[in-house]
């Protein structure tokens, strides 16, 4: 298997702040981890970077069962941030990262500004971690449970607190599509010092089990992901790309190279694949091949030339 | 032992409607067929759908082919039932751990409910080869939902059948029937959760080892998404827990059905948590 | 063909304010009109009510082509409220409504509070129109183009102005899913006097034509509808049903009776079918049969017993 | 005349891969087959997809069966290509208006690009029956995308073929070839928009009546959603306009391709607006 970056004539590398990735294809948080599992049947190196599952301060057992439901074109999940917490992560998981054949982006989740700052600062400088993504889609317990990412000020507060303590790697703010207008949130994250944005996280949804007259998911509602939400993701990336100069990692329903190209042309510098791993673990390879073919077709040499191509309002640096 | 799965193209070689809404499809897929062990399953990408892979247990496996036996539930199983000969099918497998076998000469009783019969063709073949005396008790709601009987009997197994409505075999549940048999050295179970729970409680009370093949809604089928977990006894070898979080008083940890299972010992499963 | 309300033992009727419908199945605005077209191949009477395409004050030619795109599990549309305007509507369309074999709900769209009030008041009392729905998802030109339905105060302003002039029929406020929290908007509409709520309207989305490196839709972005958005619709109905006492018409991706039951159990009193007409014009019949079967299975006699069944926080009247 | 459509179950009776990615499927669907007129199309509900109906032109129709000739574009056409015999297919049709015929003895030239050949089997049959002298000019990108030639010739039509790359017939576009023929009494066209536009401009300039079967993305296929409109000359009989809005200076109105078309006179279409 050939990584997407192996074609000599083409430059697939992209820059996210000070971070340079050999190709723009990233595995999304919660869907791939460091590749220990999917690596049994595909080459993890197909990814320019992999994003780890979000880590919280304390260990979390996550939600009750069932946690997943297939919906038309999508997947509804309510895992509930199951994970071992930062201490266990540093002791048992971090040492394995150096062996991952791709760049590794850590993800931090939290329920208060302080939790984000603490967990992120403990990740800073860990060998193998090249960037830290902030999953600000959790409820903010300091603010009566409203979700950080739905509010520009709360988003900025998290980014600012993290940037004050994380100095060695770029910080990526991951935004939610559950807003009327993503531009103010994107601008707030940028102003607070975010080096890049990731969007979109999952869309809020739920389903009722009609036979039992109760919600399907034990957690009632969950996050909708997969191809069903692709138009929503492309829309938000397009909008955010008109509002900020920092690079955007686009995601939401990407399965094929053409899907990835939609995001790039809308304004994304890199793209992430989440749910599609659960269907086609070779997706990153196919996406890489299609991007390379598109560059050749257009006589482009660098993938960055595609970024924002379709978006006349694109505000970012085309590099 | 957990399988080493691979991604293989599968070619449809046979299709049979074995009962209303129940299908048996045969595939040529040499490596997966060769590696298949009792309780292994495959994860299938259905062309023309936008869904995660469909997990289905391996029913029979011989040389370079295997069969799947399944019910039409929803989008994916309906699509699979009418897959055309020339459609490419990508399959990951074999996946999951496997049943462990007792020593030669022991007695095993298998309790299956409906489509829960699937993991037992491979198991019966192994048990009989290992000279374990084996009885299969197969229950279903009614005659039309009783599948796999002939294939199991063709292996030489002693198969007892029952239905909820008495339309075939005894009018009883599979567990009722199993309880009437002399206590075996080991139970195996697969089927609807209430049956599995009752079987587990019976086996645990009687002190008989019992292996259960579980089901959950799967996302990745590969162990990465944490969507398919079940609560099991804390510290169980299959648990993927956080031992350092010792301040918590909880008795359970989670295990992923897709890779830590699907087979669990009945004593480890915490039905009641 | 048998309407869903013909089963003697079952009471499928529902009440939306002072309006009583013989069954809870409604055709959604923009997807069916008064049934002149679909009536050629199915019985319009299968619907308890049909909702007309939204009418504006002035004639509108709508957006350029293309206006539609199929997406995974969904349909992206940007029709742009093409329509003849209220004057033409009153002269040429209104006289045909009396012959429609279902109740007819008119829909009004506007770009200012005044436009809503004017158009709605001219609809009030027209024979055949049993209720007026307000499509408040348009940009509010009085408020720098923000969408009415994204803001509780703007939504309330529209409803209040309309209620001041519409006295003969109930007024339904149709809400958008493009908000972080639908509860404040739902409460504002209720407080302003809305007799019922409709939700959800389409979800904002877009798609890029990769070959031409430009948006697929001439209007750039559009509204995502169809099964892909069903989990989002059920979620918002569930949420709104915990916040208001007025009845809710649930919609978004309903194709089958089980989909309709999800909405009813989440808290809807009635449901609307939009995009599914484009696939299965017999959908209202199938939905009616499934609802009737569910009532029999549960030994219920009235469809209202299903409303909010799965939702412990249901705040409405179960009647 | 606009058709009176109906909703009918269709039974697959034949499937042929006529070229790479091109399929011809035959269906038994008596009423639709009997009512089919030149340029009529059907709208198909694909089982196992979550999409609006797929519109496809009717290719041939005989007794109680008709065929569809189509290319694999995306989800729905790919699904249709591999539909299984036993899958129920619900079809609405026939839909749309139809081509009008010139008087006996006149000359017609049909210009088709690629899969745009579809409406012309029925038309050629009608024209020949009405003793209209008919030439079909069929163009495609290359040999492998040239479909329908044999069936048209089997009707007795004079078929000239050309390809962009010269791999079959003349190396030319269909319009180039058509221009070399003696000017006919009427043109008919179907195919990619650039071809249709060029044909329209040629016919309009030469003062030759020309009927074009158009294509747009469809939603409802029934005239209700306004998703498929094309701009046509204001006041055209097919326009669905608002005559009272007379203050506006615009020259166009919209027509719905799905029910007001698919056939329009070339003079009415405003390519340039």
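We just call them A, B, C and D in the order they show up, numbering each chain from 1.
Assume a contact is a pair of C-beta atoms (placed from the backbone, for glycine too) under 8 Å apart; a residue touches a chain by one contact, two chains touch by 3 or more.
Treat the numbers as computed from the prediction; the structure is a model and nothing was measured.
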| item | value |
| --- | --- |
| Partner chains shared by chain B and chain D (touch criterion as defined above) | none |
| Intersection of contact partners for chain B and chain C | A, D |
| Averaged-CA centre spacing for the pair chain D and chain C, given as whole angstrom | 35 |
| Whole-Å gap between the CA centroids of chain A and chain D | 45 |
| Chain A, residues touching no fewer than two other chains | 72-74, 226-228 |
| Contacts with two or more other chains, residues of chain B listed in rising order | 50, 75 |
| Chain contact graph, described as a line, ring, star, complete graph or other shape | ring |
| Interchain contacts, given as pairs of chains that touch | A-B, A-C, B-D, C-D |
| Contact footprint of chain D on chain C as seen in their complex | 30-33, 36-38, 40-42, 53, 58-59, 61-62, 65-70, 72-75, 77, 79, 82, 84-85, 87-88, 91, 226-228, 255, 275, 277-282 |
| Parts of chain B lying in touch with chain D, wherever the complex brings them together | 47-49, 75, 78-79, 82-84, 86-87 |
| Chain A contact footprint on chain B (complex, rising order) | 4-7, 45, 50-53, 74-76, 90, 92, 216-230, 242, 244-245, 250, 254, 259 |
| Residues of chain A touching chain C in the complex | 71-74, 76, 147, 150, 178-181, 203-210, 213-215, 220-222, 224, 226-232, 234-235, 238, 253, 258, 261-262, 265-266, 294, 309-310 |
